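Just below sit the structures, each encoded as structure tokens.
Below are two complexes that have chain A in common, paired first with chain B and then with chain C.
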Partner chain A sequence: MNLDNLPILSILIWLPILGGVWSLIIGDQEERVVKRFSFLISFVTFLLSVLLYYQFDNSFSGMQFIEELYWIESFSIKYHLGVDGIALPLIMLTTFTTILVVMAAWEVIDKNISYYMCAFLILTGLMNGVFVALDSILFYVFWESMLIPMFLIIGIWGGPNRVYATIKFFLYTFFGSVFMLVALLYLYSITDSFNIQVLQEASIGLTAQKLIFIAFFLAFAVKIPMWPVHTWLPDAHVEAPTGGSVVLAAIMLKMGGYGFLRFSLPIAPDASLFFADAMIALSLIAIVYIGFVALVQEDMKKLIAYSSISHMGFVTLGFFIPFGIFAATNSNAGAVMGMEGAMMQMISHGFISAAMFLCVGVMYDRLHSRMIKDYGGVVNSMPYFAAFMMLFAMANSGLPGTSGFVGEFLVILSSFKLSFWIAFTAALTLILGAAYTLWMYKRVVFGEAIREEVLELKDIDARETFILFLLASVVLLFGIWPAPLFDVMHVSIEQLIQHISQTKIL
Partner chain B sequence: MRTDLILLIPEITLLVMACLVLVVDAFSKDPLHKVTYWMAQLSLLLTFITVIYYSPDYSYIAFNGSFVSDMMSVLLKAFICAITIVVFFYSYEYLKENELLKGEYFILGLFAVLGMMVMSSAYHLLSIYLGLELLSLSLYAMVAMQRESTFATEAAIKYFVLGALASGMLLYGISMIYGVTGSLQFTDIVDTINSGTIDKVYLVYGMIFLIVGMAFKLGAAPFHMWVPDVYQGAPTSVTLFISSAPKLAAFAMAVRILSDGLSPLIEDWQSILSVLAILSMAVGNIIAIAQTNIKRMLAYSTIAHVGYLFLGLIAGTASGFAGSMFYIISYAFMSMGTFGMIILLGRYDLEADSLDDFKGLFLRNRWFAFIMLCLMFSMAGVPPFLGFWSKWFVLKELIASGFIELAAISVFFSIIGVYYYLRIVKLMYFDEPETMSAIKATQQMRVVLTINGILILLIGLAPNSLMHICLSAFSG
Partner chain C sequence: MINHMETIYLSIVLAPLFGSLVAGLFGRAIGRAGAHWVTIIGVAISSILSMLAYKHHIIDGAPDYNQTLYTWLTSGGIDFQIGFLIDPLSVTMMVVVSFVSWMIHIYTIGYMHDDPGYQRFFSYISLFTFAMLMLVMSNNFLQLFFGWEAVGLVSYLLIGFWFKKESAIFANLKAFLVNRVGDFGFLLGVAAILMYFNTLDYVEVFNNVEQHKNTTITLFNGESWSVMTVICLSLFIGAMGKSAQFPLHVWLPDSMEGPTPISALIHAATMVTAGIFMVSRMSPLFELSVTALNFILVIGAVTALFMGFLGLVQNDIKRVVAYSTLSQLGYMTVALGASAYAAAMFHLVTHAFFKALLFLAAGAVIIVMHHEQDMRKMGGLFKYMPITCLTCLIGTLALIGFPGTSGFFSKDIIIEAVHHSSLPASDFAYYAVLSGVFVTALYSFRLFFMTFFGKENMKRDVWKNLHEAPAVVTLPLIILAIPSLLLGIFLVEPLLMGDYFGSAIYVSSEHDVLSKIATGYHGTFSFITHAFLYPPVYLAFLGLFVAWLCYIKYPSLPEKLVNHIGFIYQILINKYGFDEFNQVVFAGGVRKIGNFLSQVGDVKLIDGALVNGSAKSVRLFSNTIRHIQSGYLYHYAFAIIIGLLLLIVIFVHEVLS
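Take a look at the complex of A and B:
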């Protein structure tokens, strides 16, 4: 078989979607078949993304594996796909996470299993679509339709307050996205194209750039989420089933970051420069203030949700530090480092937050409580679990040797090029992160067991061990040897830095 | 004259067939009115075929400039016939179930369709009025058909009085225009205005009355008061009819008057329509949130949709009109499906018109819960459904014409609109059902509704052909 002509990106989108539909056709009666089938689909999807990784050319900064077909000929909207070094790691993260989600649902989801699997598989296909779409309207269609399965996942399988949480989630994200649509249509009216690469090259005046930036900002800042539009996230996370929380934290938040890299920065570089200070300020507020908020949470999922917002602050900081560096030093030195740090932080946060949510999920399945005060002394009954959670808690607080450290370190290092105080403020997270994560860990895992039931908990079974083991190995792998990731994205990021350092005002 | 008559063949066919059905029904003793029903469907099918068969290559103006046959009229007529066929199908199921079956429903429906076809082809203010009155009078009678129901009677009276008022406004506007330009024919009106010899003040005065009359008929705020009461009070089958095909005819009327008759006044009507559009989107979307009756909620949603329809007209370009046409056709599709769902869920003596009737539909019937999900997300304008593309199309043309602030305002209101569509999805999927009784419906009903719902998804995935058709209506 000739693999070169395989439309691999299309398969990455449509295999999970069709697989999801097929799992509905199998139906709830054949519970075992549905589970095995979904696992098979998610595993094959992951293998395909690995194949993509092996065929990917690290030295080429442009788009690869391009597929281009007319979709809506009347307006030359194309079914136009391609990946570069920025999208590839995110696709692999998506396909990897899907396997975990399918496995995590194995014995936990007891109602409508085929619908559950269907929703997640379709979600995977749509998320892959977001990362590979090169036509802005195609991107928008994937971006918005993704809300539907997530809305149902939180609403059907979520906790007691799920309706409020899921409607809030939908309305918040929809609110951001529609203004992005207006911006895209405006860009079409001046460039006559929906092709993202053409939009990136278009020269636009500063006022228009500012408005476009704000429209994109609404869409992406809500998704990441940045302070002060983050309030949907804790609610959605707390009420979502474990799988939903994992996908939200590991992938959906990354879409906001991806949107900044694909749209905001390259399409409106001058406006990004103009708003850089404000964005850096918002990022620092997210890092420090939300860190303090995390400290006082009593609900484990809420705590991790706030810690996600705080960590994503590093991502936006890393995106906008380069602009500060251009303005201050007139050179690109250190800019690439900040941007790569932000990318690294996105990927690593994907693994770590997924792991933390799965850990909470493991405890929740046993005791049906997420409250820190209901636990204590878990280590006595679940020693293996405690060991895994220890590793992830350390990674969450940015311990060197885990992937959590690499991204934060690079972003802080890059901030030093700009200002000592920005770096100093950002570095506070190393203290705060350790404080809220380890304090929670201490209260949950160590100490006296407050409730009798805790002492009778069963330790993790083979399935859970395997899931956590997978995550633990990637967290350690990228902590010790992040080179494979940097190799993939380096050329693309350099090219992006090159692109955004030039003005687009004629 | 001979060619003139050829252009009129579809209308003549329908008129002859409608009279024939009228006579046949008068002699029919069948309580199920099967013959009437099938003959009505056959008439629509025949009209559809003649419309397509006699479609002109380019625009013909006939009967001393009072009738036009062009791509737009042909396409609209074809869609009106096709949509009415489906509407009659749903209605027959509903009327049979609720023992409201009367042959007049279909006969009045056919005359209404004739009125719509005249409106689509009118090139003269009087022929527009003629078509509009034929349509409206048929609709008044249809709303009043459920004689025992006080709601229906109230709705009919309200509809009639306000409709007559609107017709009066329209006539007054027409007379003003006639007084200023000395003509009722569109090309003459445009030529007179362009000659620059007339006083623009009186012209704009007349135009405002025309637009008010149009806004009444379309149900745009602040002339929307009749819509919720009529939608709620009328039998569901009539509401279904009112909310689908006549909207296409009203769109045709708006395009004919604004773009053919009053094109030199574009800046004036653009600003008036902007106000109407914003008000309609605001009133429709905000008040819909407070409704507990789904028919009433859909009435407010219609008002909001009319606001979006205006956006394409405001753009004022050929592709803007195409966008509006796409919008109204997709709206008719979605509206049919939604009322079809209400009919499906209803049982004898129990209309499923409260929002609570949708509770737990996911557990009762997964397939139709999914169809309703498609319809609701489509109405809300979420991709990949059809409704997204209709909003996308009008917004795109609006922005291309430079109305960016208006576009931003309209997307803002669409966020508010999402909420009440989501609420129905929430009721269906997240709530427990009040009854677990299975859904009783005929096999045909299930099949047609399924096709209706799936088309919303499929056209949403591949909207090119429908967009192409709409663009071709205005390319000539």
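Take a look at the complex of A and C:
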């Protein structure tokens, strides 16, 4: 078989979607079949993304594996797909996470398993769609339809307060996305195209750019989320089932970051430059303010959710530091490092937050509580679990040798070029991140087990060990040797930096 | 030979890592003996190969080895690499680290004999050895930071080794966070180096320091700072965390909650000296900032003297040694500030041996006393534990700088160096370290006398079972006692007269205090006799004498003294109030801020007013305008008429004007 002609991107989208539909057809009665089938689909999807990685040309800056068909010809809306070095790592993160989520549900979800698997598989296809769409309407369709399975996941398998959380999640993110649609329509009116690459090249005046930037900002800032539009995230996480939290934290937040890289920065670079100071300020507030808030949380999931927001602050900081550097030094030196650091932070946070939420899930499955005070001394009955969680807690605090360090390190190095004080403020995460993560760890895992239930906890079984082992391996691998990931994205990021450093005002 | 050496260096770091992984991951399968054998062999390989490397570089005078192992990542045109720089400085550290670690591995067999976490403990200490070796063998700032944080991690794990003990898990969190404060500064220093030098490679940075001698950076409005000062102060904040310098010293005494072998290995001999090593390594940078050197002098002097005072009032045997460690680290720091980097390294090496020895001796006493650490419940142990007592005496003599012992040479050179230094802070530092000698001798012999002599105060059941510690414990004590006693005699001459560290340490000519001392040096023996012309030796003897008076001759004296100067005693027993201050201001303050931001910021303002507020206002708005759609026809008809009338009025108004 000639793999070169395989529409691999389409398969990455449609295989999980069709698989999801099929698992629904199999139905709840055949529980084992559904599980095995879903696992097979997610595993094949992951293998396809690995294939994509091997076929991907690191030295080519444009889009690869392009597929292009007319969809709605009268508006020149196309089914237009392609990947570059920015999308590829995110796709691999998505397919990898799906395997984990399917495995994590194995013995835990006892209600409507076929619906559950269906929702997650479809979600995977849609998320892949977001990362490969090159037509902005197609992107928008994937973007919005992604909300539906997540809405159902939280709404059906969520905790007691799930209705409030799911409505808040839906309205909040939907509210932001509508403005994106307005911006896309405006861009169509001046370029006659929905092709993202065409939009990126269009020259636009500063005022229009500012409005476009704000519209996109509302969509992406809510999603990533940035301070102060972050409050939907802790609520959504608290109510979501473990799998939902994992996907939400590991991938859906990255949609916001991806949106910045695909739309906001390249379409409105002058506006990005104009707003850079404000964006940097918001990012720093996220890092510090949210760090403090995370410290006093009593619910483990809330704490990790807040820690996610704080870590995402590094992503947006890394995105906008380059503009500061252009303005201050008139050169690109140092800009690449911030941007690549932000990308790395997104990928790494995908692994670490997934691992942290899975750890809480493991405990929740046993004791049905997320509150820190209900635990204490878990290590006495679950030593293997405690060892894994220690690793992930350290990764969450950005310990060198884990993937959590790399992104933060590069963003801090890069921000120093702009200003000592920005680097100073961002580096406070070294203290805050360690404080909230390890303080939680201390109260949950260490100590004498005071409650009887904690003493009777069963340590992780083979399935759970395998899931956590997979995550531990990637967290360590990318901490010790992150170079492969950087090799994939270098050319695309450099081209992006080149693009956004030039004005689009005629 | 080069390739050959690369294999050796790799084996030096990988052997302990291998041991650690095997003992950690397969601990249950290989059993207790399996775990200690695999780790001890790993560290032994590392130690023997380090000695081989030492011979190669120091005795045979081979050129420095500086090679990259692999590229960690490349970003923005900068290669971040992992690699080794092996020169006299690193090879000295390698020998000290791997050798002390080896001895402590052996000692652990005895000390942790009955502990359920036996395998885990061996895994951790081997992992520590790996991390520490990576730190000292690094050829760049990135890997230095890796090792720096990794030793912090293992220290955290080991302080909290007995994870059921509330005090232990409090202490390990405290240690990690205080160290993180230091690392925060360190990271900023690294970032500054990358910004100005565009590389993190030591040699490339050191070769280009001259370019940035006069570069300045604006930190506060209009106030420009020398870049070198900013870099050096940031890096030194890192050293203050790791080497427990005032005011970041607070974690070290609490770290004594961990098992004694790690107190000896990590919190006395090796990890806490990482800061001293780092500053010595960065000597080409620090030489360019007189501001930083003065700062270091002051911090070191304060630590050396004031932490020594605290050792006087502690009754926990390990805590006395811990405060003594703080004070000795202060001495090393003072040497750094006086640009006597070689002297700091010298004291680091001798201290590593004699302090490890003292800790292990204290540990031997603790096991025999059934985990009793209070010295008031000991006494007279000399009869029962002669080997421990004699080795402890050697360690104590080295610590107080008794003429001829290793500590005598290293400490004397530091005091001399500060005396010769012309920096503004050097006078203060000189008197601080000089008074420190008396304090050191006093608390050291207080410990020695209270433990091994005087009245036997232990409980009866303990007393009945008193015996010498087992051979796995006494053997390391004896082995460590040898360098504690003799090392100084061998090292003093090459350090002062020869070019021991070669190009690894750079001292600018106007700061070069050691060469001034060297001009007055005429052989080891005359160095010893010469010392009798200066106060330190007499201060040490005075300290010894006072300790003898207070704890042997008139045991009731200390209590009377405390009654007379209760106020000072209270200050010392409260450790100058640092713990309370940190607990209230930092730990409490941070939680208050967090609660405020969470409750007021997130819940009330953002969620309450904005998010749910907008939802509420939508409802309010809809409720209001809902009344318009009443469903009654006459309401609509009425509205139409009013509208028409309004339109007519506007129309007429337009026409008229």
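Throughout what follows, the second predicted complex is superposed on the first by the 506 of 506 C-alpha atoms of A that agree within 3 Å, B and C clash if a C-alpha of one lies under 4 Å from a C-alpha of the other, contacts with A are read in each partner's own complex, and residues count from 1 in each chain.
As a convention for this text, a contact is a pair of C-beta atoms (placed from the backbone, for glycine too) under 8 Å apart; a residue touches a chain by one contact, two chains touch by 3 or more.
Since this is a predicted model, take the numbers as computed values, not measurements.
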Partner chain(s) touched by A:279 [first = chain B, second = chain C, both, neither]: neither
Greater residue coverage of chain A in the superposed arrangement, chain B or chain C: C
Contacts of A:189 with chain B and chain C, given as first, second, both or neither: first
Contacts of A:145 with chain B and chain C, given as first, second, both or neither: first
Touched partner set for A:430, first chain B, second chain C, both or neither: second
Which of chain B and chain C A:72 touches, first, second, both or neither: first
Partner chain in contact with A:335 - chain B first, chain C second, else both or neither: second
Chain B and chain C footprints on chain A, overlapping residues: 171
Residue numbers on chain B that touch chain A, as the complex places them: 362, 373, 377, 382-384, 388, 392, 395-396, 399-400, 404, 407-408, 411-412, 414-415, 418-419, 422-423, 425-426, 429-430, 462-464, 467-468, 471
Residue ranges of chain C in contact with chain A within the complex: 70-78, 145-146, 149-150, 153, 156-157, 160, 163-164, 166, 169, 173, 176-177, 180-181, 183-184, 187-188, 190-192, 194-195, 217, 219, 230, 590-591, 593-595, 597-598, 601-602, 606-607, 610-611, 615
Chain C partner contacts - residues on chain A that touch it in the complex: 168, 171-172, 228, 230-232, 289, 292-297, 333-337, 340-341, 377, 379-380, 390, 394, 399-401, 405-406, 409-410, 412-414, 416-417, 420-421, 423-424, 427-428, 430-431, 434-435, 438-439, 442, 445-448, 480-483, 485-486, 490
Residues on chain A engaged by chain B in the complex (per definition of touch): 71-75, 137, 140-141, 144-145, 147-148, 151-152, 155-156, 162-163, 166-167, 170-171, 174-175, 178-179, 181-182, 185-186, 188-189
